[in-house]
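Next come two complexes, and both contain chain A; in the first it sits with chain B, in the second with chain C.
Right after this comes the complex of A and B.
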């Protein structure tokens, strides 16, 4: 299948202190911790959504990537969310485990525990954009467009969703995080083309 | 598009190894919930439904493993082994594997656990399970809170209809661990007594653990007596709150409506509803509103959480398999733990295990993150 110019999806890539929108750097600050990067991006995008600051780091990453795309192409309320990553919700899992590990310092918190599921970030994005849509969260070793492409095509072909916000949101640690989200509106985009787009950004950071 | 069936299956629960044990216990209205066998000084005594450790170990050793596996991996492997053998399928590139779980090997994060912490990566767990059987396709892990097991069936259908696979083994499992017990306790969501779905005096969930596996296939030749066709499936987010159920039941209502429309059956044709029914005040209330809006208040309904507790990502697959047997036996299974209706909208909660001629059932599930899934299943018509 040939890749038509018009079928290149809107996409956002985030890694190592940089945020790209459709191939151009949208915001960057490579000198600050992740939390500050997100705060800077929040200001840059003029996002007025205080709940953002209560989210865990995986949700912040996913939220910001979807925010950048939505500013280019607002979502239809039935836009499906099909995300994947490697580390699941381990960043929050480790926090919750730490809070129960020692009997003498036992302080489990519902505010942490609620984020110990990777699909919570799908809920955050659904609430933000009022998406009443299909959601699924997959776990793979690395980003592979072809792994979820059949399912995305199925959602569009069976008219379960007019579009799919799809991709990779992985937060393992302060130095190991990456997001690559793209918006599929028809099923003519080849997984290979998506993979190349990802690789170009992944290799350059 | 190709028809998609649920065929050979297996359950591992507090009742024992094998789906027959679980189904018979449910039919005999026996509870699988007991006083929990571990405590720490910060967790009040609680009840749960746990898989017997010695029984699991004995069954697992019969498979002659050559490596070390975690407890959850043993559950997943034992469930899969039965189903793979029954299916007689060669595991080639037309055969997929979907593993549904919320927390996977989360117990290895404990500093006392003998396995390395890296085993908490769900892909490591998936590889261990997949390699045990030498699957040739990459395992697909789905972690979508408490709808994972049901959603995995819808996804398997998608992969089959897109011709990626002809057969998909869907396996689901979750454990009762200090991680989940402490978390739900911090939410004040745990019931001290076995949970009471939809009851006026319900006060929270009972955690359970289970393994479940089913072959999802496009091949009518590989179906058996309890097989069903998946004729409608839909999911919808509530877009409301990450941990609190929607007050209008919006996502569940929309999921049910879409799945029923796809199934092309009338609401009165539904034999029963296998609902989620966690027995928290807000979840069950939300369900009653969604079912009422969907015109299903009079359809017989149960939650099986009163038998086996809430096994998180596995629960909806366990309950789907039990539902297949309910259909085959033409028997409505009682909703254990229910006394007096405690929801604002009416529900036809099944109070006694009773015979009823049936063709179809609806399975629903809802979870944190605002996710909801609805599946409609139909008994296979005789081909002769």
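Right after this comes the complex of A and C.
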């Protein structure tokens, strides 16, 4: 294998009704709402994990992207998770907000409230794959591989984690969502290469 | 590099006292601070018991000499109160050359004011100043400013009930690796409707005084507190000829990948965090002389933590107790409160009692200490186990491990 081949990690990209695995469309249905897209992907991947249907939309997005990658490269229990996004948990925050907006109609739901933190999706993935590893969730303006690359490289170089599932999971609305997750297994991957990979998908969808 | 992490100051305000000395007296005399709630107007008033701090917001404002138009929440006021005691206790003379930081933990942030003014924000200008103090980091910044920490690291940790233990851990790591010379670590959470109603919805609030590790435990009592330690490097201690109370010798944090809120029934996370802490301290289980357990008295925590204790210590579980019956469960502050109690235990060679214990749990034979007992203590282990399985352990030692 050439250096170029080894330096591209396994990755998954999701946006606008399409799910890509390593550059190829893995599942797509651009005509249905997000919820149906996820249901279709769940069936496509033969996931068999009923807890999936209780998750909020951010967790479903993150979960499905990680699922696509793990089907190709199963995670070790020390695989670290380093995620980021822009909208934090706003999608669930808004839902919670609506339930408490009016004093006379005040019905918050614990099932919604529990998702009013962005890093809950890291927990969902950890529970699914039994990861007892380091995890972090950052809030950035946009996806920047270089912002987390030194951290990921350090985790691998110091043997704190054999691999890092890294990337971007952002859910703002039915029409504005995007996931780009990639699995780093060695510290030779350049942030620029990852940024280019992201840009290619981001610009084409 | 690899500096020892010395504790040179402590401060606390809790339901059992407004300073370290009064907390210690209550612990020795077995005086609980858990009572009926008096400062929060809640429909659960007669159904729950809480560990409430004596001072009202007005008393705190006056004592802290806050200006009239301030936007301190109760979180910031309690935090500043305890942090001031810690800094005074450490006899810190301001020195710009000492790299000083503060790491404070909270779960509710400014929610105490937000829940009061939430519906008013839309039409009343006067209360909007509290919108800016809502976020978790506000209290840390206010404490830093009030203490004159203008250049160092100021950060906030919010990992549920393990929060303050994690701020001790992060602070210790920053000292150990030479990034800071001095750091104030701990946490604060006031009582609020937010937590009362939230924990009530989870059905884990007891309608009686909490009884950790008891077969008939009915859940937790919430409490409010702030507690901080001053951590300093060996070099600084030597330079300034500081008196050292104890050392942070080990720490560990783990998640148990089990559930969004509950801890694993087998204590996977707590087992990992205790093992990691022992490893960092270079100690074996038999070196631990006392465990200040998390012991919230919920069905889930005590079963999970008890099983973890057995997994780590086998049939030689050291004397242990939960001090939650004194203070209530102070959430993000718990790891700070129990850090102060662990250091007091080392200083006075005293194990504090687990009040209200009667019957051992059916799952195992563990019996917490029920009397204040004098015993030579060298290493004390403190657990703080958070919702979602964020589990932390800190080990406090009389001397720095070689």
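Rule of thumb we're sticking to: the second predicted complex is superposed on the first by the 202 of 205 C-alpha atoms of A that agree within 3 Å, B and C clash if a C-alpha of one lies under 4 Å from a C-alpha of the other, contacts with A are read in each partner's own complex, and residues count from 1 in each chain.
Everything that follows uses one rule, which is that a residue touches a chain if its C-beta (ideal position, glycine included) is under 8 Å from a C-beta of that chain, and two chains touch if they have at least 3 such contacts.
Keep in mind the model is a prediction, meaning the values are calculated, not measured.
In this overlay on chain A, chain B clashes with chain C. Of the two partner chains placed by the overlay, only chain B lies in contact with A:155; chain C stays clear of it.
Of the two partner chains, chain B and chain C are each touched by A:114.
In the superposed pair of complexes, A:126 makes contact with chain B and with chain C alike.
When the shared chain is aligned, chain B and chain C each come close enough to touch A:103.
In the superposed model, more residues of chain A are touched by B than by the other of chain B and chain C. By the touch criterion defined above, A:135 reaches both chain B and chain C. When the two complexes are superposed on chain A, the residues of chain A that touch both chain B and chain C are 100, 103, 110, 113-114, 120, 123-124, 126-127, 129-132, 135.
Of all residues in chain A, only 81, 86-88, 90, 93-94, 96-97, 99-101, 103, 106, 108-110, 113-114, 116-124, 126-127, 129-141, 147, 150-151, 153-155, 157-158, 160 touch chain B in the complex they form. Across the interface of their complex, chain A is touched by residues 1, 40-42, 102-104, 106, 109-111, 120-123, 126, 138, 140-145, 151, 155, 158-159, 161-164, 178-179, 182-187, 234-243, 250-251, 254, 258, 367-371 of chain B. In the complex of the two chains, the chain C residues touching chain A come out as 118-119, 198, 201-202, 254-261, 268-269, 272, 388.
Looking at the complex, you find that chain A touches chain C at residues 100, 103, 110, 113-114, 120, 123-124, 126-127, 129-132, 135.
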